[in-house]
Amino acid sequence: MIKGGFKGKILRVNLTSGEIRVEDLKEDWAKKFIGGRGYGTKIIYDEVDPTIDPLSEKNKVIIATGPLGGTLAPSSGRTMVITKGPLTGTIACSNAGGHFGPALKHAGFDLVIIEGKAKEPVYLWIYKGITELRPAQDIWGKSTDESDKILREKTHPLAETMEIGPAGEKQSLLANVMFNGHRAAGRTGVGAVLGSKNFKGIAVRGNQEVKVAEPEEFREAVSKTREILSKDAFSGGGAAMLGTAMLVNVLNSIGAFPIKNSQDAYFPEAEKISGETLRERNLIRNEACAECPIGCGRVTVIKEGKYKGAQGGGPEYESVWSLGAMCGISDLDAVLMANYLCDKYGMDTISAGVTVACAMELYEKGYLPQEDAPFPLTFGSGEALVETIKLMGEQKEKLGKLLAQGSYRLAEYYKHPELSMSVKKQEFPAYDPRGVKGIGLQFATSNRGACHVRGYTIAAEVLSGAVDRLKYEGKAELVKTFQDLTAALDSTGICLFTTFGLGGGDIALLLSTATGFQVGEKEFMQIGERIWNLERLFNLKAGFSRKDDTLPPRILKEPIKSGPSKGEIEELDKMLADYYKVRGWDNDGVPGEGKLKELELMVD
Amino acid sequence: MRIKVKAFATLREVLGKEREVELKEGALLKELLSPLYLPSEGVEAIIDSQSGEIKPAILILKNGRNIRFLDGLLTKLEDGDELIIFPPSGGG
Amino acid sequence: MKVLILDPLKCTGCRACEYACSFEHTGTFNPLDSRIEVSNFLEDLSFVPTLCLQCEKAYCAEVCPTSALTKNDQTGVVDFDKEKCIGCKQCIIACPWGSVKLNHNGKEIIKCDNCNGEPACVKVCKAEALTFEEVEDVVLAKQKRTAVLLKEIGKDLVKGVSS
Amino acid sequence: MKYLVIGASAAGLSAAQRIRELDGEGEIMVLSEEKSPPYSKMSLPYLLSGECSQEEYLYLRIPEGVELLLNKKVVALKEGRRAVEVESGEEFSYDRLLIATGARPYIPKVEKKGSPLILTIRNLEDIFRLKERIKNAKEKKVLLAGAGLVNCEIADALWKIGIPSVFIVSSNRILSQILDEEGSSVIESCAKEKGIELLTGENIKKVEEKEGITYAILESGKILKGSCIVLGKGVQPAVDFLKDTGIKIGRGVEVNEYLQTSVEYVYAAGDVTESMDLVYNDMRMHALWPVAIEQGKIAGENMAGGRRLDYPEEIARNILTIFGQNIFTGGISTEDKFEVYKEYFAGEYRKILVRDNRLVGFVFIGAVDNPGVYLFMLKNQIAVNGKINLLLKGAMTYPVIHPSVRNIIF
């Protein structure tokens, strides 16, 4: 019996048959995997053959909330999108902020399973528990912000929406899933899977309550956690002041801020694209996701120049970096414009920026011939960035189509795959492993390709400075801890940023009082480990192995040329074997029977 | 000797964006982080007045290296060093 | 006497106030059970929280046939006595601000009661868009607020709904 | 100054209150024809259903310093002498008079045999009589002649206390005075679900009582059995005593914009008056509780010589909950006119009518969101400016109407 937190209902939408079914949430699964990422992964693991083509009809997409979504738990607005990712071929889980997740709960559902393929474009309307698949031909082709507007026009002005843009429709491997046109579940190409299913999106509005199992205890847990977050200097003030882009100066100051496709890791012009500058030049106001006391979201506008008047959400630190420094660009207006465009097309800003950077290096080195480039793709050119993003988003010309497949496939096409700054074909985020050793191990072992939010060791290696970023010792444990914590956290429905203030115990307390499950810190971390291993099992079955747990040769061999981390390379081998051992896996990175038994994953 | 001190984010309000400080040769970080050389509000934001230690999660870099992994407050400064101070931060 | 003050320019749209309000009054989370409501304007990502102004001459109280709604001179709050309420809903159509509302299932009347002097919404408003402030002369303060509000609104009425 | 008010309901008492506020000296007297202290008539169905748990809750507050006399039925107005005469022959003089006698149920002619019980619901005693009748009847079912607001509320109250009922209506649907056909059919199906029957195109021809059972013989020949018959065929202004006076009567007592009648020093307010309708642009009866309160206030203000307030044009509006559904209507709600926008989804019916960029009517069944804001828009004829979707879905809120509030601290 579900006592609280969860609504206890799952919506299964078969696009092939048009059938929509309501199923019960399985309590034993909820106990073992919580909701969100964990529960969604379990469904994908059980129902989707890991070897399928991610863009085939057989793939499924889970849109999931967690048990803390729709409550007053801090920052509980996350929505998870789980599928087999087309960019990587791995299990994929991307998540976004905003208000969609809570709205889905208020409409009566913990998660939605999208399966099959519609003959014609459709969208799903969920209203107070009543559902309907409706034609979406006239929204197909529209940008995500337009789509959001039309969906709300067609359904309810106060509906929360989820949508793909032209990138997803055209099955770009960089396609994301957007929420209300400005919050993104960005990575691994999840939007392309929906596009392949002719599924434009969801509009949802509900009227149901979300209950918690132990209201009084939950109230206390909420006050306590909100208080901790308010007192913490970052979550209680700094984040609201500068947004995530505050990190530009931090990472650059330690010389781990990759520039020009990671040819170096120090950007002399960083200040021009920093959070401080963004605040001065472009910030209109802060925006917060559901129930979030941190409020890191930016609403910005371009005040002058060619793009004057353009306005939107963001950019986040990662986007400022990928579209800025990584392309050698210090023109903040161009970066903002590129960021807004990515959102409109429904493209992951990180992968898009890094792919542009890759194209620029290919071009400058002469590997990408001039006849393939409609204009010079030179590092540092804001105009080239914006135009390249348009090519990519609209898949115009030969280059546009190539760009839309991401940096790896682009570089491979031009015979230099080593110039793709990616792991398992997914582009790097904004941290140079050569300057922060643990994050390199995290990139290499992440279950969805290069990624910072599967295990944000930056918090310990750089921000709190609890461990030395340049040492290799202890990083395997550190990475495992962060990975497990995040996997469990992503399953509750609250935001990763809460962990700057909250520990596993605090989150476990929120979870326990909301659901009535007795989960302590230890159990919570174990749930995370269980999810992590299940994701690994999926990837192993999909054909991934130790050889894929690696980093681009540049990171392993080319020392950083300038700045505070000058001379550093990443010696991944010093950590990888250790990591497998800490995880209880064999030398090939395969979880042993003992580990699977311990995690109660054997039956599967 | 001259040391460059840069501050970011909220600390800019109390320390200024960037300044140069003139110190005697061989001075330690501890000596620099005093009202003698920096605005007292700035020092208060960095140093816990009770314990005299650096406040948790304040990040101080000397030439890009976290001073925690050098000699902490006893880190020796040299002419031309660049000191960067961040308030607690996070990101993603 | 203390009154709730709203500053829409500070609102980040997190809706924690709605959840806190709902939880305080029902023990569950449902924005539709919240006395305070945040209007979102996605076009420009701006947000406006609105709640009961506790009018000096309250339309809701005036039309209530059973005196379930009464102005409390001690607290300044227009009190709602659920026991006396028969559910005729005259109050919700009388309030031009939409501050006396129906709950999520459309069955009960809900109205801001300042949480008996400790508003739950204020406690969770990290952005400080909502504050609970002591004012010396509530009537005067309210008159001033209403005057400002009405002056601005007067201009709006001529223009009509913002497009 | 001597103020006399006839009628102790919403209009009368709100006028008395306003007069008292403005004139601390004058004598204020309110005459009521009823024996019980003033109570809220619109709440009677709630007393039947039990939603109003105590009779006292219905009693209206008598303003301080106002003299109330019960059991004084006014039978004549002596305009020359500035006095009224009550049934007992007693006379009450005035300097200013307010007619707030309200309305009485319309009773059609029906053949009766034996002592059949035909009730109307207007007064407190009516509820007690109905309850008593049901209690003693052999056939526990109420026959409702007419399906207007009152009878629908009675049917709903009866359903809540477990008593079945049957509607007998001459028209083709229920609530035809406030709903369009789609709206009616939504409510009819809800009624059906609750086991409430509906016979359309029928009239009661004859009523008989045999062995404690009431029989209604319909024009079609059909015979229905029940505990009693409740007549709900609308109301008429209570103006009998104004016959042969100078008070002009149209649909109701005619008043000018200051709520003065055609006779000097005599005002009228509430259900007894007719008033200009803002959207229909003609004189109509707006026999509505909040209208009575508002009119009472304005009449009181003018009688006490305050600022001469002119009474704004009125708007028809209704909000009620029957058979588990909320219904909210305003302005033009029974027909499709001008620009019509409607939607029926998930059991919710919504319709708005727009004329010249202004909202002129609406029907909301099921979800009733921000009704006060809608009424405000209707009353103030605020430009809609293309926000049709927002308006249709019930999402109009005051920050949308008043964008300025986005930028001010209040």
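First chain written, first letter: the chains are A, B, C and D, and each begins at residue 1.
Keep in mind that, in the parts below, a contact is a pair of C-beta atoms (placed from the backbone, for glycine too) under 8 Å apart; a residue touches a chain by one contact, two chains touch by 3 or more.
In this text, all values refer to a predicted model and were calculated from it rather than measured experimentally.
Undergrad: Taking each chain's centre as the mean of its CA atoms, which one is farthest from the centre of subunit C?
TA: Farthest from subunit C by mean C-alpha position: B.
Undergrad: Using CA atom means as chain centres, which chain is nearest the centre of all the protein shown?
TA: Taking the mean of all protein C-alpha atoms as reference, the closest chain is C.
Undergrad: At what distance in angstrom does the C-alpha mean of subunit B lie from that of subunit A?
TA: About 35 Å, centre to centre.
Undergrad: Provide the C-alpha centroid distance between subunit C and subunit D, rounded to the nearest whole angstrom.
TA: 29
Undergrad: I'd like the Å distance between the centres of subunit B and subunit C, where a centre is the mean of that chain's Cα atoms.
TA: Each chain's C-alpha centroid was found; their separation is 48 Å.
Undergrad: For subunit C, what residues touch not just one other chain but two or more?
TA: Residues 9, 46.
Undergrad: List, in ascending order, every residue of subunit B touching at least 2 other chains.
TA: Within subunit B, no residue touches at least two other chains.
Undergrad: Scan subunit D for residues touching two or more other chains and write them down.
TA: Residues 390.
Undergrad: Among line, ring, star, complete and other, which one matches the pattern of chain touches?
TA: other
Undergrad: Which pairs of chains touch one another in this structure?
TA: Those chain pairs satisfying the definition are A-B, A-C, A-D, C-D.
Undergrad: Spell out the part of subunit B that touches subunit A in their complex, as residue ranges.
TA: Residue list for subunit B touching subunit A: 6, 8-10, 12, 56-57, 59, 61, 63-66, 68-69, 84, 86-92.
Undergrad: Tell me, which parts of subunit D touch subunit A in their complex?
TA: Listed in rising order, the residues are 345-346, 389-390, 393, 395.
Undergrad: Subunit B touches which residues of subunit A in the complex?
TA: Within the complex, subunit A touches subunit B at residues 232-235, 237-239, 241-242, 244-247, 249-250, 253-255, 274-276, 316-318, 452-453, 456, 458-459, 462-465, 468-470, 496-497, 500, 563-565.
Undergrad: Along subunit A, where are the residues that touch subunit C in the complex?
TA: 70-72, 99, 106, 148-149, 152, 158, 180-182, 207-212, 215, 219, 226, 230, 236, 240, 284-295, 297, 299, 311, 313
Undergrad: Spell out the part of subunit C that touches subunit D in their complex, as residue ranges.
TA: 5-9, 37, 39, 41, 46, 48, 50, 53, 62-63, 65-68, 83-84, 86-90, 92-102, 106-107, 145, 148-149, 152-153, 155-157, 159-163
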